[in-house]
Structure formats: C-alpha cells, structure tokens
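In this document, chain identifiers A, B, C, D, E, F and G correspond to the written order of the chains, with residue numbering beginning at 1 in each.
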Amino acid sequence: MFRNQYDNDASTWSPQGCIFQVDYASEAVKQGTAVVGLKSKTHVVLVAVKRSPSELASYQKKIIRIDDHMGIAVAGLTSDARVLSNYLRTEAMRSKMVYGRALPVGRAVSAIGDKAQTNTQEYGRRPYGVGLLVIGHDDTGPHLYEFSPSGIVSEYYGYSIGARSQSARTNLERNFERFEELSLQELVVQGLRALRDTMPQGKQLDSMNTSIGFVGMDTKMTILDGDGTQPYLDQLDEAEAMDTE
Amino acid sequence: MFRNQYDNDASTWSPQGCIFQVDYASEAVKQGTAVVGLKSKTHVVLVAVKRSPSELASYQKKIIRIDDHMGIAVAGLTSDARVLSNYLRTEAMRSKMVYGRALPVGRAVSAIGDKAQTNTQEYGRRPYGVGLLVIGHDDTGPHLYEFSPSGIVSEYYGYSIGARSQSARTNLERNFERFEELSLQELVVQGLRALRDTMPQGKQLDSMNTSIGFVGMDTKMTILDGDGTQPYLDQLDEAEAMDTE
Amino acid sequence: MFRNQYDNDASTWSPQGCIFQVDYASEAVKQGTAVVGLKSKTHVVLVAVKRSPSELASYQKKIIRIDDHMGIAVAGLTSDARVLSNYLRTEAMRSKMVYGRALPVGRAVSAIGDKAQTNTQEYGRRPYGVGLLVIGHDDTGPHLYEFSPSGIVSEYYGYSIGARSQSARTNLERNFERFEELSLQELVVQGLRALRDTMPQGKQLDSMNTSIGFVGMDTKMTILDGDGTQPYLDQLDEAEAMDTE
Amino acid sequence: MFRNQYDNDASTWSPQGCIFQVDYASEAVKQGTAVVGLKSKTHVVLVAVKRSPSELASYQKKIIRIDDHMGIAVAGLTSDARVLSNYLRTEAMRSKMVYGRALPVGRAVSAIGDKAQTNTQEYGRRPYGVGLLVIGHDDTGPHLYEFSPSGIVSEYYGYSIGARSQSARTNLERNFERFEELSLQELVVQGLRALRDTMPQGKQLDSMNTSIGFVGMDTKMTILDGDGTQPYLDQLDEAEAMDTE
Amino acid sequence: MFRNQYDNDASTWSPQGCIFQVDYASEAVKQGTAVVGLKSKTHVVLVAVKRSPSELASYQKKIIRIDDHMGIAVAGLTSDARVLSNYLRTEAMRSKMVYGRALPVGRAVSAIGDKAQTNTQEYGRRPYGVGLLVIGHDDTGPHLYEFSPSGIVSEYYGYSIGARSQSARTNLERNFERFEELSLQELVVQGLRALRDTMPQGKQLDSMNTSIGFVGMDTKMTILDGDGTQPYLDQLDEAEAMDTE
Amino acid sequence: MFRNQYDNDASTWSPQGCIFQVDYASEAVKQGTAVVGLKSKTHVVLVAVKRSPSELASYQKKIIRIDDHMGIAVAGLTSDARVLSNYLRTEAMRSKMVYGRALPVGRAVSAIGDKAQTNTQEYGRRPYGVGLLVIGHDDTGPHLYEFSPSGIVSEYYGYSIGARSQSARTNLERNFERFEELSLQELVVQGLRALRDTMPQGKQLDSMNTSIGFVGMDTKMTILDGDGTQPYLDQLDEAEAMDTE
Amino acid sequence: MFRNQYDNDASTWSPQGCIFQVDYASEAVKQGTAVVGLKSKTHVVLVAVKRSPSELASYQKKIIRIDDHMGIAVAGLTSDARVLSNYLRTEAMRSKMVYGRALPVGRAVSAIGDKAQTNTQEYGRRPYGVGLLVIGHDDTGPHLYEFSPSGIVSEYYGYSIGARSQSARTNLERNFERFEELSLQELVVQGLRALRDTMPQGKQLDSMNTSIGFVGMDTKMTILDGDGTQPYLDQLDEAEAMDTE
C-alpha cells in the first residue's frame, strides 16, 4: 500500500511516533452525540443525548446495560459499539458461569482495550470508531472508565465524550470536587447540567432526547428513558433557577 | 494499495473519521427502486415498486418472506440481498430448532448488522451494496427496522429507502402520527401513498409493478403481488379522490 | 494495489456505487456468440450459435445438459463456464442422492449466483467472465433464468445474451406475448428467428453452427446438433416465407 | 499492486473484458517449437520438432506418454509442462485404480483445464506458460484436444501450436477433409508435411530433431524418436516428390 | 506497499542497515512521562512521574506489579504496555505453576524481547510503542533492565526513559558509583532526584504525581502512591537543602 | 506492488511471455565459479573451481555427494544450494527406505525442478539463485543433468555453468564426440581442460582450487580435493604438452 | 509494494542477480563491535570488544555459550542474535536428548543458515541483521564458522566481523600460517592482537571491554570477562613490547 504519508495503516508509525489511523478513528467518536459520566462515593451515573436519525425513527440507544452491575454509554459508530457491547456482555456472562462472580469493572475495560489494541497493531484491520464510558460497581466501589479507539482505558471522577463534550468537561472540572458526597439524585442532576452544555444553540434536553443510567451500592444497573427522565429534568430546571438567583 | 485518498478500502479511516467505502456502497442502495415500511400498534407493512430489467423479464422480487413472523424489502444489489436473506432465513430456522421459538426481530437485525460490520472493518472485503427494511412481529409487538451497508440498524415508525425515497420519507413525516391507530388496510394504503411519491414523472403504481407485504398480530407474513394488490391500489385512488376534495 | 480509479478490484466500490470489475467481466459475455432462450406454458427452449475457433476444430459446445430436467447455454469464457456447469451438475446429483428429488431450477440458479457473488466481494479473485441461460422444468413448470457475472439471476419469458444479443431481444419483445401458447416445435422456430437476428452480415444459421436444447412437461432435457437441427431450420425458412407474404 | 493497466494480474479484468496475463502467457507457448496433431477415423497422431538447447544436450522431450491410451505434445515452458503431465499421469493412474478403467480423454483435458482456470482467477499465481496437444483413444474413438494457458480446451481434427504453427495450420486446413480415411502411416506423413512448414529457412526435419507419437484402435500410445522416425521421413520425401510431379 | 523510502515497514532494511519503523516507535516512548530505575547491592527501585489526562482523571498507572519479585515501569503507548505486562504476568504465573519457582528476571525480559523482535521482522505488524524498565530480585540479586521497541534488552545500574529522560540519565551518571552501598530509602531518594530533573519548568514532584516501586532482598515488590510517597518526597527536599548548603 | 515493468514478481508474465525474475535469478548463477560435467558410456564426471572468500577461509564446497550413485556441483547462491542438496539427500534416503532402491537420477532432477517451478509461479517467493549440474549412475547408465532457476532440467553429454562457462562449453563442443569411449581418467582430464578455459587471466587450476567428482559403472560417487586431484592436474599438463606438439 | 528498485523486498531479484535486502542487512552487522575468531590444531578462540550503551549499563554480552562444546560471538542487532542463539541452544539440547550426542558444529551452522535462508526467500520477512562467528569442537576437531545474514556459512582458520573488522582480517592474514601450532594461550593473545586493530583511535582493550571465549580438545566452552581477561591482556602488552623490539 501507499504509505509514504504514514496515515493509511493502523500498523504504521509516523516518524513522530504516531499512528494516524487511531487519530482518525477518534474523529468518528466526536461525531456522536455527547455522553457524560460522573461518580460519587456510592454511585456512578451516565447521562446522554439521544439523536434520532429522522422524525420517523425511534431514538437511538445511547446507554446499554451489560450486566446487573455494569453499563456503557456510546459515542461514534453504532455498528462498532454493538460489536463491543456484545463482547462485554459475553465476557460478563462467562465470568458468572465460569468463576461464579460478577466481572470486575477494571477487568472488563481491559478486555475491550486489548481487543481494540489488536486493531491498532495488525495490518488489514481498522481501529474501532467508537468511544465508550463504562460504569460499574464492584467490590472496590463505583467506577467510571473511558475507552477510546486506541485501546487506552482511563479511570475518571467525571468525564464526557462525543460532540461538544469539551463544554461538558469544563463544567465537570468546575464542580467535580463536590461529586463525592452527592446523593444519586443530585449526581444525576449534576450530570444533566454538564450534558446540557453540549447542546447546540436552541436545543434543549427533554424527556425524548435524554437518557439516564446509573448503578451503585445497593442499586442495580438502571436505564431511564422518556417519562422516567422527567423528574430529573424538572430538577435540572429548579437547580438552574437556583443557580441564577 | 494506494490509499492516500482514504477511499479505496473499507478498513481505512479518512482524517475526518469517515470510511468512504461504506458511503459508496450506500450509493448502490439508491440505485434500487423505492421500498416503504410503516407500522401501526398491531401491524407492520412493506410496499415496494418492482422493476423489470426488461419487458421479457418477470418482475424482480422486492419483498421476501423470512419466516411466519418476519419479512424484508430490499433496495440495491440483489446478489448481495440474496446472501443476507439466506442468512436471515437460516438464523430464523436455527432459532426454531435450537431454542424452539421464533427469532426475535431485533436479534435478527443485529445478526445481519454484525455480519455487515465485519465487511467494514476487515481488509479485502467490500461492504454489502444493499439496504433492507425488515418487518416482523414478536412478543414485543410489530417492528420496522432499516439495515444499511454500514451495519447500522435503526428502528422506525415508518421509513423508505431506494431511488427517490426522500419523497416518500417526507410523505411519511407529514402523516406518521396517525399510523398507530390505523387498521391494516388503512396502513397499506398509507404506505402506497408514500410509495407513489417515489415514482418518476408519468409512471403509475399498478398491479404489475407493486408489491405489498405485511405481518402483525394474528397475521402471518403475507406477500401480495399482481391481482392481490389491486384492491389496495383501488383504495389508493379513492383516498386520492377524497384528499383532493 | 493502485486503486484510485476504483476499477481494479472486485472488492472496491466506486464513488457512484459501482463495482467496475463486474462490469468489465460482463464485456467478456458479449464476446461469446449469442444464445436465446424462451418458454411456453409447457416447455422452455434454448437455441445457440456455435462458433468454431478454426475450420479444423469441432464446434464448441454452447448448450450443456445438467440433468434430466435442466440445461444451460453459455456465452463468454468457456473455462469459467466449465467450472460453473460442473458445479451445477454436482449440486443436481447431490440433490438426488441426499433429498431424493430433482434440484428445483430456482435453487440451482441461486446456488451459482451465490458462488459468483463471493467473487465480487472477496479480494484476490475476479468475477466469472461468463453469462448463462438456465432452463429447467420442475414442480412449478418451465423456467428460464439468466445468470450474469454479478451473481444476479433473473427469470425471463424469453431472453438472449452474447454478441449482438440486443437484436434477438428486440425480436423477442415484439413476439413474446404469443409464446405462452406455442407448441414446442413452434417455440424452437420462434427462438431460431430471434437467434438469426444476431448473425453478422452474410452469415446464416445452418445445421453445423446451430444448437438446440429444450426441456418441459413430459420432455427430458434434449440437445440437438448437426442433422438434428435441420427440420427446425427448414421450418424457419418456411416461416420466413410466410412472414414476407 | 500497481494495476492501472489491468495487465499485471491474472485476477483483473480489463475494461474490454480481457485478462491480459492469460494473453501474455500464451506468448510463451509461441516460443516453443511447433507440434502438430491430426486424426483419422481410427488413429490420432502427434509430430513435433525437438529443439536442443545446445549441441551438447540431448534433444528435449516434446511428446510424452501419459498412459497406454493417451499422450501429449508440449510447446512452451517445459517446467510448467512437467507439472501438468505429472498431474495427468496421476489422474490416469487414479482412474485405473479407483474406477478400474482408462481415464476418458475428454475428462483428462477438463481436469487440466480446471487446474489452469484456477490460475487465471486467483490472485498471486500466474497462468501456466505452456500449450498442449492431447491425443488419446477411448470408447468414443480417437481424440485430439488443444489445451491453452486460459484453461480452455478445444477438440480438433487437426491442429498445431508453437513457433510458426500458423503455417502448419494452413497446411492442415488445405488437407483435413482427407484425414478421416487415412491409414496410420499416411496420417503420420501428412502430419510431417504440416510440421515441415514450421521449419525456419534452411532447416530440415531429420531423424534427430523429429518426434512422432500415435495412439488409436488396437494401437497403444507409441513414441518414436531417432532412427524410428526415418521410415516416415523417407516417405515424406517421396510424397514430396509426388506432390511436385 | 510504497517502500522506496524504507521507512514504512518493520520488515524492510534501509541501505544503511536500519529498520526505520523501530526508530519511529521509539519516538512514542519519548512521549511518555519519565521513569527512573536504579539499584544498590540489595535493592532495585523505580520512580515515575504520573500524568493525568485531565483534572477529572485518576492518575495513570506508571509502575505495575508483575509478581512478588518483579515489577515494571512504562513509558509510551499504555495500550501496548498493558499487552506486555499481561504477557509478563502470565509467564510469571506459568513459571510458578510449571517449574515451581519464580521466573528469573533475565528470562522474563528475554521473553518480552523475543515477543517484540517478532514485530520487527514480520510484515503486517508494527513494533510496540512502549519502553519498559523492569526491576526484579532473584537468586542472582537485584536487576534493572531496559526493554525497548526494537526488542533489545539491556541491563543497567541506573537508567531513565521517557520525556526529558536525558536529564535524569545525566544525574544518574554523576552519582551511580555511590548507588551500590545505599540503603533502600537512600536509593529511592536518589531516584527521585534524578526524576525531578525531568520535570518541565515550574512543575514539581508531589505525592499526587509521583509513583515509587521497589523490590529486593527480603523485600517483596512494593508500589507506593499518594501519601505513601510523601516521606520520600520530604527527604528529597531535605537532601536538596543539604545539597545547596 | 509496483509491477508495471513486469519484472518484480516471479508470478507475473511480461507481454513478451517472459518471467523476468527467473532471468534475474539466472544472473546469480553466473556469479558462481564454473563447474563442468561430462560423461562417457560408463562414467560421468564433475570438475569445479573452488573459490575461497578469503585467504583465511577453507575453500567452499563445490561438489556435494547426494548418495552412493549421485552427486551435484553448484554455481550461485550457496545458501540456496544447501536447501536443494538437503532436499535431494532426503529424497534419496526416502527412496531407499520406502522403495528399497536408489533414487533414479531423472526422477531426482524432476523433484528439484518441480520444487523450483513452484517458486516461479506462486506470489511471494523468489526463484532459487543457484544452478546445479547433477551426475548419477542408475539402471539406465550414467547421466548428466543441468538444473536451472526456472525449474527446467535438461540432459547433456557435457555442460558447464557459472562464471565464464561459455568458454568451457565451447571446449566441450569441440570435443564431445570423443567422450563416449574415454576411460574415467581420460574423462576427468578432458573435463579439467574445459574447466581451465574458465579461469581468469593469470590464474591456474591447482590442487587447492580444484575439485573433482565422479560416479559410474562399479564406481561409487567419489569426490577428490587437494592432493587427490594432483595426479589428474599433472596429466592435464602432459596432455597440454601433447596438444601443443 | 513499490519494487521498481528491487531493493525493498527480500524475495525480489535485481536484474544483476542480487537480493539487495540481504546486502542492507549486512550493513547492520558492520554496526556491531568487532569480534575475532581463530583456531589452532586443538583449540578455537573468540575475542570480542564489548560496547556499553551507556556508562550506566552493564557491558553487552558478545560471546554466548551454546553448549559444552560450542559458543558464538555476535555482531549486529542483538535482538536478532538472541533469537538465533536460543534456536542453537534448543537444537543442541535436542541433539543430546534425541541422539544422545553433542550437535556436530557443521550441522549447527547449517541449521541457522537454513533458518536465515528462509527469510531471504519468503515475502513479508526481513533477513536477520546479525553476523555470528561460531566456534566448536567435535569429533572432527576444532571449527570456526562465519554465519552471515544471507544464510551463507563459511569455515575459516581465522576471521573477524563487525566494525572495522577489515583491520583484524588483515592482521590475521599476515599471521594465520602460524596459528596451527599455537598453544591455547598463545592463540588468545594472537586473537587479541587482531582485535586491537579494530579499536578506534585512542581506545584500548581493557578488562572491562574485552571478552574471551574458547573451546577445544579437553577444554569445555569457557567465557572470560572482567578480571579473567587481564592475564591475556597483560601478555598482549608483553607481546607488543617484543614486537617492537
């Protein structure tokens, strides 16, 4: 293949020590709507903006349950996301059947990280074009991880990926020191506030386009859509009101 | 291979995070005649324009039965469509034999989505050049899915793919809020009205070039061609008459 | 490989949604002498012009028996045709041995269509450079299918492929409405008239260069060459005489 | 690979529907010395010009025995010819051991035709650079086939391949109608006359450079070299004398 | 592929006897934060600067435990590092289970060196983009090895890799003759002093960004983060104070 | 790969019907020192010039024993020669063990010819860069074969390959008619005279640089080096003296 | 790949009959420090200059024990050397276990030669970038072989490879006639004198940078480093003194 620009192959280094195909795949992540994750001492929350490809479509699924103790939010190529979520679900099931215990969250993200790393090293495959926020609760408490096309996984207190996620990250950075002590409900509202900052001019979060997921101590992985999200959206407005007082 | 334009290989990302070969394959879908799908609370319907490659040919098959509870309509490369429909049929049969139950519609579309995703990630294969509308009825009611060459599958209330399908989609968007309460017969006629908008200047829907399929509560997957379609086409004209009153 | 023109590989889409290698392979079909197929309610017929590579050669075989109920006529690369006819013969034998019944004609053409589709999707192989007309008679009556290098198979009332086949198709289109009620003998003569239109200036159909095949209700697949074709050729002239009256 | 000229790969079609690598391989056939084959009602004969790579070398083998009822003459790359003749010999032996009968000649040529076809369709291999004339006698009488690099096999009354073979073919065309009734001896002499026309200016056929092979009714495959060919060469001169009378 | 610059493939030599892809992969190592290793007669120590991808993130793990007697520090692509550390851990476990003894440190580094060498010789893979300092204590005492993308492993008294590691190496070279007799605590402090020289202008080592690991005689592999590092950092300042007296 | 010059791949034909990589490999044969072979009615002889890569080196082995009845002389890439001679030895041993008889010489050369042919037809391998003269004695008497990189094997009365071998061939051509009746000793001397013609200006054959091998009726494969060659070299001078009388 | 310069692939011949990638790999050998080997009637010796990648590093290992009767010295890419030495060690162990005897030295070098030859013939791998001097003592006495990236192995009385090895070879050529009768100790000193000629201006051989290895009659493979080399270095100076007298 024609590689004198170093950017056509996931198995070629540029002279600067970069793998350009990985960077390009990351662009696909930015084309997905934003998702936000954040955690307290006891819980971890995902909130996401659902896009509808058309008025005629059901809203896409942005938050996906993996197991009772784990879920993911996706940004990017949804066909790639499906492959990874299926893989995670299989691994989670295997852990229960073979080891009789829930798959530790850190091990889960390492597993998809390794799967993705292979696609950055072997010729003839492309890196996955999807980013994930993985939340889960296990013996070591609540966890929030980011998975990126490079196969790198990092743990966060709060994070956001997808379109205009920088605004959400700025919001989270201003507030993250307070997260640890928040109640689950407060945590969700906090997440929605960050998520709202990713909305384009003139668009609002509402019960149709918002998805909420959480898991934590004594709380199984739960996903709320439609009317289920309204109470939190209402609180968002109240909080807003309070903020602007 | 010569990839400095990023568009020659299904396993290469462009700097903007696109896989051009997937986009190009989607062009093949637009070369097929239009198909329209729409659903009510109880049923889901496909209507399609059949093209005849020549006066001498039988009309091509646009709607294909997969199982008693599922069918598809195709737009694009028919040799690729045959591969996918055979695959779906095999999966449906396997579900019955191994699990003793009809293949859930969502699982069916995920299966072909995953099969198609592989062709967008592995070097040396091309994406499928065909789009599908998949209808089915299972424990969770009637479903309408679109499958595209990218391997992405989306659920819709009503949708159209193929040549000039934008016109049909506009028609569906104007009316889709009424679909839920329609009777099966009304739903078919509604679909034909959207389909009619995809016909080129001076061409009409008639019993030779129209194909109708439906499935739903207490209704096995049924396909109507030729004279079987006439009653619905007649109603289309009546409806028309009413519209223009 | 150098693919910036999209036409060097059967597994590359052009931006317009075409696979050029498939189109190029179709050119090889046009280099073969013409074959014509047509069917009545009860029978289906193939007629073909045999080319001799040299005065010294036996005439090539244009019509090939697959089974008692099925045969093919070929136009294009004969080494490719041999591969496909062997494959069909094996499938037909397998059907008899495994299922105890003749291979349904539609299933036979799907089988070679799928085999050909693979060569249009996998890197490192070329599409077959041969077109086929497949005739057969099974529980659902007589059938005439065209197989093309794309792997697409279409059913026809009458059709022609190969050099100057457009002239034969025009002839068939003028007359096809009458085919249904014709006797086998009339059907053959009708076919020869269409075939005659594909002959270059100054060349005639004669018993040396004409091949006839048919199958139908109570009629096993039969191939006539040499003297066997004379009675039909004689009638052709008579018919001609009548036409010009 | 760089394929924008369509001629570097046996698995690429040109826009005109050609596979150039097959044509180029055919050039290698023309670089071999000529071989001539021809048949009567009862026998089939091969005659060939043997080239010696040097005064010091044994003359190369141009006619090769495959079985009691079959032999070949080769023109082109002798290392490729060895591969194909070994393959034929193995198939002939297998036929005897598995089916208890001599391998039918038509089936033999189809077998090497199929083997060669693969090399014209799969990437990473080149077409064979050798042409064969295959003679044999089986239940259906004597046969003469040409095998070419394309994998195409054709049956002939008489034929010639290799350097300047066009001259021999012209000779055969002038005389072939008489072949059917010739005795074996006359047939050989007839073949030598055609072969003589392929000799370059100032070169003669003699017992050193001429090879003769035949098989037929009640005649096992026989190859004559050196002194064994002299009687026929003598008759050639007599015939010559008669011709010029 | 386009290789006339010799730098696009890990399996191509340049005319000067270089494998450029290996050099480019080494650039990725320099993009990681610095790690320092050094050893006395009895112990071997790693110190590392942890980077946080964001205020919101946990600090990345720079020092990883492999077994009771072995650990590594990483600089470069963390997804590649994960692959190698998993491999080391598996080898260490296998040594215990199969041979009933701890994996000798030299054998461990040879194992990953061989794994990496393969990626520099086989086409279609890229060299690993990560460097490692491997420490361990076995029957032959404490060991410090460097692993580089080339697959070369070298033993050192003290070494540093990663961003601005040259400064740390200069520091180590000035002092390494004293290392042998240092206590574990002194050794750690000595390492921190070298590490400090890699910090960019205006950045300090503190308990949040510093990681310490050690192993040695009667000392299992231990990793200190956060508060655990403070006592050593305090001593660093004292030492500093002493230095500047 | 870039093949528009047809000469970069052993599996690509040029438009003239050549495989350039085979021709280029033959150049490597010409870089080896000359070897000469010749045979009488009863014996066959090899003589060769040994090159020493340096004064410090043992002379390279030019003549290699394969079995009691067979040996080879090599010119070209010695690492390739080792592969082929090992292969021949294995085949010879297998023949004895499986069939209980010495491997016929013709079969032996066909075996390596076939092995080499594969490297001229399959993509991704290069032709062997070595030529061989193979001598042997079996039921059909003494044999001398040349093996070339193309996989072609030819039988000779006398032949020479390697650097300046044309001079030796000229010598052989002048004398070969006398070979048949020579004694073994005379045959060796005759071979040395031809070999001497390949020596560069000012270089002589002597007991250090000359290697002699022979096999024949009642004579096992024998190789003479050093002092063993002196008697023959002495006779060479005598013969010389006689010649110039 | 782009091969119109013939030098990008180990499986491509240049028109001159060269494999450039092999030549380029040989450049890597010249980048290693020099090693010298030489032998007497009873013993064979290796001496080598060890390079230290840094003041902080242990000196690299230049001489490696393979078995009691065999050792190697390496120049070039040390990761490649490790692969080959591991391979040799495995073969040596296998010989003992399977055949109950030490691996003959000639067979050992053939084994790695064959392994290396494969990398010069198969596409997608590069030649090894390392040269070896192999010493050993077996039933046929002491042996010294050179292994090069081409897979060629040659036997020598004395030889040197690596940086500036030409100077050492010149020294050896001046003296090699005396080697045969030297004692082991004299042989080592003789080797050091040759090795000294490879040192750059102003650098000396000393006990830190010199490595000595030997094996022979009644002498197991022995490697001396550090203080163990001093006695020989001292003698070198004495000899020097004597030389200049």
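Methods note: contacts are C-beta pairs under 8 Å (C-beta built on N, C-alpha and C of every residue); 3 or more make two chains touch, one makes a residue touch a chain.
Quantities reported herein were computed from a predicted structural model and do not represent experimental measurements.
**Q** Averaging over Cα atoms per chain, report the distance between subunit A and subunit D in Å.
**A** 70
**Q** Measuring from the mean C-alpha position of subunit B to the mean C-alpha position of subunit C, what distance in angstrom results?
**A** 31
**Q** I'd like the Å distance between the centres of subunit A and subunit C, where a centre is the mean of that chain's Cα atoms.
**A** Roughly 56 Å separates the two chain centres.
**Q** At least two other chains touched by the same residue of subunit E: list those residues.
**A** In subunit E, 1-3, 9, 123-124 touch at least two other chains.
**Q** With chains as vertices joined when they touch, what's the shape: line, ring, star, complete or other?
**A** Chain contacts: single closed ring, each chain with exactly two partners.
**Q** Since the chains close into one ring, what order do they take if you set off from subunit D toward subunit F?
**A** Here the ring, read from subunit D toward subunit F, comes out as D, F, G, E, A, B, C.
**Q** For the complex, give me every residue of subunit E touching subunit A.
**A** 1-3, 5, 7-9, 20-21, 23-31, 53-58, 60, 77-80, 82-83, 86, 119, 123-127, 129
**Q** Taking the touch rule as given, give the residues of subunit A at its contact with subunit E in the complex, in rising order.
**A** 1-4, 6, 11-19, 110, 113-114, 116-117, 120-124, 150-152, 154-159, 169, 172-173, 176
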